[in-house]
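So, here's a batch of structures to check.
Shared between the two complexes below is subunit A, which pairs with subunit B and subunit C, respectively.
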Partner chain A sequence: MTEPSPRPSIPASEAIRFEHVSVRFGGVLALDDVSFSVGQGEVHCLAGENGSGKSTLIKVIAGVYQALPGVRTDYFGESVAAPTPQLARRKGVAVIWQDLALFPEMTVAENIAFDGLVGGLRLVNYHAIRETARAALAKLGVELDLSAPLKSLPISGRQLVAIARALASDAKLVFMDEPTASLTQTETDRLLSVVRTLSSTGVAVVFVSHRLAEVLDVSSRVTVLRDGRLVGVFDAEGMTQSRLTELMTGKQFDHAVTARDVGDAPIVLETSGLTRQGEYSDVNLTVRAGEVVGLIGLIGAGRTELAHTLFGMSRANSGSVQLSGSAVAFTSNREAIAAGIGYVSEDRLALGLVQPQSIADNIVVTTLKQISDADGLISVAKKSAAVAKGIGEFAIKIGQPGDAVSTLSGGNQQRVVLAKWLATAPKLLILDCPTVGVDVGARDGIYKIVRGLAERGIAILMISDEVHEVYFHSDRILHMAGGRIVAEYDPRRISIAELERAVYA
Partner chain B sequence: MSTITERLRRALGSDVLGLLGLFVITVIAFGLTTPHFLSVGNFESIGFQLPDLGLLTLAMLAPIVSGGINLAVIATANLSGLTLAWILNMNGGPQAGVVPFVIGVVAALAVGGASGAAMGAVIAYFGAHPILASLAMMIFLKGLGEFLTRGGDISGFPAFLGQLGHGVVLGVPVPMLVFTVAAILWHVMLARTRHGFSVGMIGSNPRASEYSGIPVKRSLTLIYTISGVMCAIAGILMLTEFNSVRVGHGEALLLVTVLACFLGGVDPNGGFGRVAPVFVSLLILQTLSSGLNLLGANQHLSTAVWGLFLIAVMVFRFASSARLRGLFKTVGK
Partner chain C sequence: MRDYLRTHEGEMRLVVVLAALTIYLSFASPIFLSAGNLASLLNNNSVNVIWAVGLLVVLIAGGIDISFAVGASVAQYLTALALISIGGGNWIFGLVFASIFGIAIGCINAALIAGFRIISIVVTIATFNALFGLLMFTTSGKSIYDLPDWWTDRIAVASLGSGGALTLPVAGMVAAMAATWFLISRTTIGRQIYAFGDNPEGARRAGVATVKIQFIAYGWTGLMAGIGGLMQVNLAQEVVPNALIGRELDVLAAVVLGGARLGGGRGSVLGCFLGVMLVAIVQNGLNLLGVSPYAFKMLIGLTILAAISLSNFDLGALLTGGSRRRGHVDNH
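On to the complex of A and B.
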């Protein structure tokens, strides 16, 4: 692969310039001689996988961590010897973490004006609070109900409140950690227009993410980190997500359409006219044995709701479901599992795995009967054999099978989920956003596993909100919007750009 | 030496080993300072006193592992005991034979199981908070018992019951035998059955368990039912020991059962808890109490010492786990 010419172009006046940043934790060098600069009013991307040092770098800039000696730190052209959190904030650096750190029970106005409120014994002036909040929102060019409690706002609204809060304390440089992770396309667009407004008033914004395709448009430069080192600073123009992925992982991925024809393999799942009031309506779909069907749609399209019905966790109002030719109407997901359906939830933390329990127990949880002896007791030997099989088959990288599953990386956790479902010998696997929270570099492994499962004859319904995912990794694509399946595509007969337009239009 | 400790550690778990060490220290300390402590009589009296608290603690343990709690253990034991007493009195009181006793035991177990099932169903199917549901059940059972007995004692049971409550087989008190068998069954139930596996999973995350196909509601109802049956066994044993039944008997033990669980390393947030360390914790608590008793201390003082001891153990556990977390922090980031 040819390196694009790194372009360390220096904007007219700089917001920050950090050079030779190294940070050591115990024996680990978390950052190794990294330099980073952002121009005033610039929109910049800081890209890297989990563990690449992005968060560490931000914390150095925000004054939370101290870099090793030899570092040079400038804030707005002024050299600072040892930044502290207070000093960084006074200089105008604000960080909006992914969890936003707001107060759900307080109003929008109180959240925005919060930093001016704390400390001191002055009485709270509610008029001043509203004025501060109104001024900050005006700078963003958005309108929100100032007296609404924060918890009544969607995530995207809360994010705007967090930005306004930064502006209310005179931020000149705002870091946004994974800002688009939980936004729909429309909400992302609104966020980007707010960022443009900020940039035009001289406030610099740094997006910190491993998913940057949607913010490249508004950015001017991209800084890429890998394993604590600087890969380079690149022009955002002409940068693509796949190029970025290669830079972040140092690996090349073959982005080729993997769709195949399954011919007239037996139909495993067929729904007709499936409707559940307020969630989805008139859903007709088929998935054949060995086929990977991608179900693409934005958040709120009814995808997960449909999956819940297929998995027996909710009931349709009308329509029918046929599994391998016989009509089914499950009253619980245990019936669905017994009939040969597995469901990989999009929420691995809360629903996919029992996080504090061991890797071993999470693998065998779906097959307790198989690992029991005739006397009804769980057989230690059968259990460890089943665990070893799952770990081996999916090449799960673990310490001990008895370790909590929460100690694994996202990719390995997802392998545990897949292992526990494969153990049930399913006919149909429903994958709901299978690579959410999985590092870019580990995603290919998951896709290969999914392909392998399909080749064994398992029918796979892969739900996703990422066009890339369904385009490159499914045999057929169904597009869901507003609770209906609105179109069907063959990835071999459509370009990814066309598909993106169709889905995000 | 190191291989022996290593093998023991693997067989019992480091938590059990630590507690066993504590138990040995307690025994040696009292043995050196207290006359008659290291006597057959003293250990026999421990064997008679431990089982009530022990059985009630087992009844408390399983719901805590499921992520809940059963505050009605004493009330359930009392009402089950009352059931047995009532059936014995209906059949001649002191002259009652073995058949009414067996019927009474079955009825007592049924009452215990039924009150547990009712509580479990309210928790599992109506989503009631276990503290509130079991508190309500406790008040209900207690009120019912007081109404039926008018607050008094019921006594006058056949003499063979005393042989159960005070008998010794091969040098081991009968109640201790009952408790040991119950503890072994409880261990098998929690550690080796599908039901026990499910209870641990549910205790950590009921929703994720349900998504994996575990029958969450059924398992929860069942675990409270079995807990109720265990309470009934405790109630029957108490009847044979004291030769009387009274509502409110053993009420002071309620919170001690909770603390004995935590002393035995049961996770207060649910999901994790083993019988073996809890068993050893109970030995320690009862030894402390007997030793203090022999030293001539007031019985209430021994309750206070239990409290202090438990606080010390919590602080020690927290400090050691905080040190571990600190270690991970430096390496992990």
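On to the complex of A and C.
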């Protein structure tokens, strides 16, 4: 465990300084004597796992939650006894939540100037709204069509609108919650340049995230929280995602590369020259039986699009796919499942599981034929046998098989998804970001299961945007960028730092 | 103007369809463009338009109201009883009574929806049944024919030519349209109604008083239901407790046809007018062309389906080879 290093250069004037922040929810201490400060115009990272207290801290600063007595709260050098949301906003604190909280059907101008529309009955001054919006966008140095409906903008454009909205209400400290989660590399770059502009005009920005490798560059300090406590404040310079992960989890992970040779095990999946216009091009890859191939790439690299084609959900324009030596061209994912392909979607919440249905129903949904009797009705005995097998094999922690899947933790939900697909006896399993939404501590269990599946001879293509994941848990790494596979690495012959540089560069 | 065309594409499509239909019908039937026919089209559909702009506000706020036609019947009946009890009254009294009863019914819906957080379609189906049952039970289905003269007298407000007089309900329609347009486009309350329907959680976080907004939206629908009911007496010359039942779905279809989105955040007054008129003109045209009235409902259903499918259908993408990305998720 690395000792927190004292921060050498404390900024001259501070935007906020919060000391001895403790928050209690029922019997749980969500924040325990945490201190947090941001300099004016500083770009700061607030890092921590889910449940570490990041959001609670932001809500205290935004005046939504009250801290326990003993707290000291300064906004721009002024001590405030009990901050409220209105007061925090007046002091210039704005929070841009991950969902942006914008209005898709309304125009860009109305979204930016929305604070001026809130409240009692007044006439709308559209001219003033446009002027406000124009001025806010000018501060950001970007131009957007003011009368376009917000929904016509891509996510990155909407994010700019959300920032402009914060500036329109004179924000001097902007919190951005998971800002890069759904951005492509180009969009992230654009966001970072906007952040630099803001910083140079004295507006402080705090990135709140568990994945910060992309924003460390523009930041000067990183505050790390764990289990509601302050781990420390660190210089961003020299910080790496791996060190950050250690700080966030407090665990020295057993960082052994698990890669091994599968020799000349039969090739299960082979693509050649696979191209789908606008999504990916000239993809050549092979996955052998028992092999875990990591496909790393940032959002927008074409990874998921490629997976959709392999799984029969979209069709390539050219190139070929061979499954166990025979050419296949699926027209639907039913065909892909029948041919022995399983796909664990990155959007587990929406696509991977039927959340309100029971754990049991979710496990058997892919194998309804197998558990049915000759009359076509589901056999209760066969179903409970299949469910028991899945739950036992994957050590899923559940109350009752009849409980809704939504009652499970992220890690256990992912186990249900894996059990569901294993029941189809796949030859090839495509895992799209298998640990998204799974706490770092619970990820090891998922990786062990993946390894166990590979040892049974299943070929595994593991798509990820976390270098960590593919480096330590795959046999071979393919790097995808701009729709192409640009490099192949053997984790045993490259350091994680080198791989991080290659991917995030 | 360019911006208007871009943000009101749906309305412009309807204008084109209506224009084509009008041109066709003016050749197919000599009567269609006559002053008498046009005036009766407007007179007979003015009440539907009043209800449509009322319903629009609730749809924009992300809700739905199935009960407004029954609400209009109740308000109409109560207004008639109240007017008789004060010895007749006049238009001012009529408007005040109808508005108060209408708003009260809207507020009952709002209290159930916003106060108890019950989904609006469930609440308004329940109030639809409860109000209708209550009305039929307490009145024993008795109609009222003995109404004050001022209420049933035809008042011409404008003339389209010989035999084509526009009556008071048309003026009511124009006023309802103007007032609703002003509310939703020109006041901060209206913009907050749009925002609330578009993203309720975002609106709440931005400080929009969401309960108040819902009371205003359902109250407005109630107000328009009451005024529509008042005007309908002027057309029908009588108060029949079950006369308006069934029209809620016709009006709802017309409003959706006019571009309002079930789910909130989108819709316009012009769209409502065009939606109601499109349905009316199709029906009028079929009538003039001598098509069996038994086919009306079917053809109107098909018209609505065709119009709504077309508006969800991206012609551009089809022409450029359909290169729309599959699996593209429109977040939030």
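By our rule, the second predicted complex is superposed on the first by the 389 of 505 C-alpha atoms of A that agree within 3 Å, B and C clash if a C-alpha of one lies under 4 Å from a C-alpha of the other, contacts with A are read in each partner's own complex, and residues count from 1 in each chain.
Following the convention adopted for this analysis, a residue touches a chain if its C-beta (ideal position, glycine included) is under 8 Å from a C-beta of that chain, and two chains touch if they have at least 3 such contacts.
All figures in this text were calculated on a predicted structure; none of them were measured in a lab.
Of the two partner chains, subunit C is the only one touched by A:S314; subunit B is not. Contacts of A:P149 after superposition on the shared chain: subunit C is touched, whereas subunit B is not. Of the two partner chains placed around the shared chain by superposition, subunit B is the only one that A:N333 touches, whereas subunit C remains out of contact. Residue contacts after overlaying the shared chain place A:Q355 against subunit B, while subunit C stays out of touching range. When the two structures are aligned on the shared chain, A:D189 is found in touch with neither subunit B nor subunit C. In the superposition on chain A, contact of A:E246 is made with neither subunit B nor subunit C. In the superposition on chain A, no contact is made by A:E500 with either subunit B or subunit C.
In the overlay built on the shared chain, the residue A:E393 is in contact with neither subunit B nor subunit C.
When both complexes are aligned on chain A by C-alpha atoms, subunit A residues 313 touch subunit B in the first and subunit C in the second. Taken in their complex, subunit C has these residues touching subunit A: 3, 6-7, 185-192, 194-195, 198-199, 201-203, 205-208, 261, 265-266, 323, 325-327, 330-332. Listed in rising order, the residues of subunit A touching subunit B in the complex are 25-28, 30, 56, 313, 333-334, 337, 343, 345, 350-357, 361, 365-366, 368-369, 372, 376-378, 420. Within the complex formed with subunit A, the subunit B residues making contact are 188, 192-194, 197-198, 200-201, 204-205, 207-215, 271-272, 330-333. Listed in rising order, the residues of subunit A touching subunit C in the complex are 97, 99-107, 110, 114-115, 117-124, 147-149, 151, 155, 158, 182, 277-279, 304-305, 308, 313-314.
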